[in-house]
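Multiple structures follow.
Same chain, two partners: chain A is paired with chain B first, then with chain C.
Presenting the complex of A and B:
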């Protein structure tokens, strides 16, 4: 393990930015999102959760797949280029890192998504321990240790130092670039800080949810549960929960009319939307109840059934925090028997 | 007040005058009550009323009016304007609503379940009385935060150079994630099929790819609710990115006031809005100089 004096953080970031794109949390007008670092930009490592999840650097909210250009009687197809620039996402939280693992199952499983794969191949993740977890957090039931998040590099901002522990080969290459600033440190140096975090976590309302009730859930039984009839009464059918979620993975493919052709692109989609999976024959889920149910069936039943039981929620609590109608996945899990 | 509301709701359900009661339900967090329909008296112990009951329930009355029986709905003063506006637009079946006006001492802004002060709309609130109700449950002891100038923010923006103003809005709108929460929560946005959702049009984007698209969604929406927006503040309340949407709507409200005379959408259920009532043959067109202002 290494440490860098917090006063040298800017030098560290500038050094990294010299060889790759650095994305880190930046506060603007009262909300924090990951953005591109440049000299002079102030990083915000105090805010726990960004509004948008950092999955956007691997699965952008929208990306072009190819362009069709009309040329006389011909149409030329120009595929979009794959990502080829190295980058680092600096300051991801443990929940968001686990979110990437879930996206990997979908996008790196057969058939491999080449766009995603290219970004994954060029991106390094520095995970930051959560000094002040929030009352909406419930990552522990999903196996996340917020005091020791595992990514390419694990980082702790504690006292006057930034502690760095490279975990993977890519992480070692990254810390290598920072050699001039690094001092040796010991796991003991962050032990107390980690203990504090664990104590804070223990005091949170959702920290010890037991997800047992969802293990081996019977798909049809959950699907047909009367719970769905009323649980979505307050849902206004916006996409906030989907768009702030680090594991939501559905996309839509659309064409953009450029005047002399079209750009085929994909965008994040939300199952809450009335045109989600709209097909020629119409929409398979005609009511909000069905669309609402889809989100939670996907996360709590469908995904686990194909991913060895792993739920497609990481307990980041963003939907708990942001739903305009105070609905969220915990409420749904509880109505399905979780306690 | 909460207790009074429970008793009232209980009576209405017990004697069959109401099929359901639309209010706010307790959740795991005091700061995050959930809009909810109560049909059983036993559930009314979950009904809450406090400064976190910010959700404007008027919009839910569109759906409630399509169900059998009367729905009791609790409305804060500002919510009653939305309700009236929806009645005016024939979206709510007035006969199937029993409106209970409730006093409001302002709503809290909540972040990460923490109370972080007042909602902006409550700091500039001018809607102190209920404009529609069947019954009132009042608490005179509730006092509101001291009122600030509602158009102060708009006036400040008007004072900027157009490029500065452009940069301000570009900065705000570029963070929009197109979650549609502002649109879906808006009582005035009650189109059955929004042009931004219809696969028939190029406008049906699910993300903002260009700065043009960022602006398009918001400007179209602002114009579509012009003259109908009651300034209920729900759009700004729910925006996950805290975009200052109120400034956009209030600019249009301010212009309408200056060009056509003071107007408050939702004040009653009859008066035609200035943009609807405008007669090109007899009314003077506002000066182009003003529109460029």
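Presenting the complex of A and C:
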């Protein structure tokens, strides 16, 4: 383990930014989101949850796939280049790191998504322990240890120091770049801080949710549960839950006409929207009940049934914070028997 | 050089266009350099697209035994299909695939008596299997084809049905239309009811495709006739964008139609939520 004096944090970031893109939480216009670091930019490591999850550096909200030009009877296709610039996402929380693992199963499963794979291959993740977890957090039931999040590098901002523990080879290469600033440190140095975090987590209302009720859930039984008839009443189909979710994977493919052709791009989408499954002959999910049910069935039943029981939720609590109708996955899980 | 992503299509060309009905045309597609863009099995699909217009999944209606080109029968019913109906021979079109799990033509269906049931444009994916079976006629038992549409003019592949399919050995073709019309001497009535009146034995393997509501009533009728769901295969359609199990759009329960389907055995469908 290493430590860097907090007063040298700017030097650390400038050093990294010299060889790669550095994305970290930046506060702008009253909201904190991950953004590109440049000299003079103030990092905001105090805000626990960025509005948007940092999955966007691996699965951008919108991403060009290719340019297509219709030229008389001919068509020309120019595929978009794969990401080839190294980058680091600095300060990802443990829940969001787990979100990436869940997206990996989808996007790196056969057939591999080459655009995602290229970003994954060039991106390094420095996970930051959550000094002050919030009342909406519930990552522990999903196996996240917010006091010791595992990525390429684990980081703790504790006292006057940033502590860094490389976990993977890529993480070791990253810390190697910072050698001039590094002092040796010991796991003991963050032990007390980790203990404090664990105690704070224990005091959180959702920290000890038991997900047993969802284990080996019978798909048709849950699908046909009367719970769905009323639980979605307040849903206004805004899709916010999908856009702030670190595990939502769905995308649409659209064309942007440039005048001399069309950029075919993909863009995040939400199963909460009525046209998501609309076809020429009709819509298999006719009302918001079906669309609402789809989102939670996917997270809690469908995905686990194909991913060795792993739920497609990481307990980040963003949907708990952001849903304008105060609906969220905790409410849904509780109505399905989680206690 | 990295392998290109699966979402990047290849450029093909429409070599001929055939009018099937007032709103269905069949497009022959080859690679830009000629020949089939890729191999496929009966029941698989491909993504066709025109840049700036859109991209959509279509069943490959030609049999894999056709080694010269691929055919797609396309009903005019949306942005891309409206545009495709204005396209001309020689026009470029992009294509990617093949996608999905095919009908089990080389194992389960071999040696079996086959009953094909289709409604409207639902004959398009089934035609791939029918022509595959006819091209390997000695590998399969009897063939019964029950096909219905709204009107006589809406029956697709009519010349092929009359001139080729009807004259195949050990083959019966039964056509029906929804409402009586002048010049039609065949059966009038919906496919499920017609099916029930034909006196077909229930020792056949069934392949059914059509509008979801037709599939549901056909299944009811088949069960009434003594068929087991394990004998029946269908091909389902849901909206798709990627075709490779990532975009999250075409699931029925935990199954993805693009990857785990579109061909399903009907007892498997029974285990899924009724949402298709």
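The rule is simple: the second predicted complex is superposed on the first by the 333 of 339 C-alpha atoms of A that agree within 3 Å, B and C clash if a C-alpha of one lies under 4 Å from a C-alpha of the other, contacts with A are read in each partner's own complex, and residues count from 1 in each chain.
As a convention for this text, contacts are C-beta pairs under 8 Å (C-beta built on N, C-alpha and C of every residue); 3 or more make two chains touch, one makes a residue touch a chain.
These numbers come from a predicted model, not from an experiment.
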Overlay on chain A: chain C relative to chain B, clash or fit: fit
Chain B versus chain C as contact partner of A:65, first or second or both or neither: second
Contacts of A:278 with chain B and chain C, given as first, second, both or neither: both
Partner chain in contact with A:330 - chain B first, chain C second, else both or neither: first
Inter-chain angle, chain B to chain C through the CA centre of chain A, in degrees rounded to a multiple of 10: 90
Chain B versus chain C as contact partner of A:243, first or second or both or neither: first
Touched partner set for A:79, first chain B, second chain C, both or neither: second
Which of chain B and chain C A:234 touches, first, second, both or neither: first
First, second, both or neither for A:252, with chain B first and chain C second: both
Chain B versus chain C as contact partner of A:223, first or second or both or neither: second
Three-chain overlay, closest Cα atoms of chain B and chain C, distance in Å: 7
Chain A residues contacted in one complex by chain B, in the other by chain C: 252, 257, 269, 278
Contact footprint of chain B on chain A as seen in their complex: 28-31, 33, 48, 51-52, 61-62, 134-136, 205-206, 230, 233-234, 236-240, 242-244, 252, 254, 256-257, 265, 267-270, 273-275, 278, 320-322, 324-327, 330-331
Sites on chain B touched by chain A in the complex: 27-29, 32-37, 55, 59-60, 111-114, 171-172, 175, 177-181, 183-185, 193, 197-199, 202, 204-209, 237-238, 240-242, 244
Complex contacts: residues of chain C adjacent to chain A: 2-11, 13, 49-55, 75, 77-78, 81, 88, 90-94, 211-212, 237-239, 241-242, 244-254, 271-273, 275-276
Contact set on chain A toward chain C in their complex: 65-70, 73-77, 79, 82, 106-107, 109, 111, 113-115, 118, 219-220, 223-224, 249-253, 255, 257, 261-262, 264, 266, 269, 271, 276-282, 284-285, 290, 294, 297-298, 301-303, 305-306
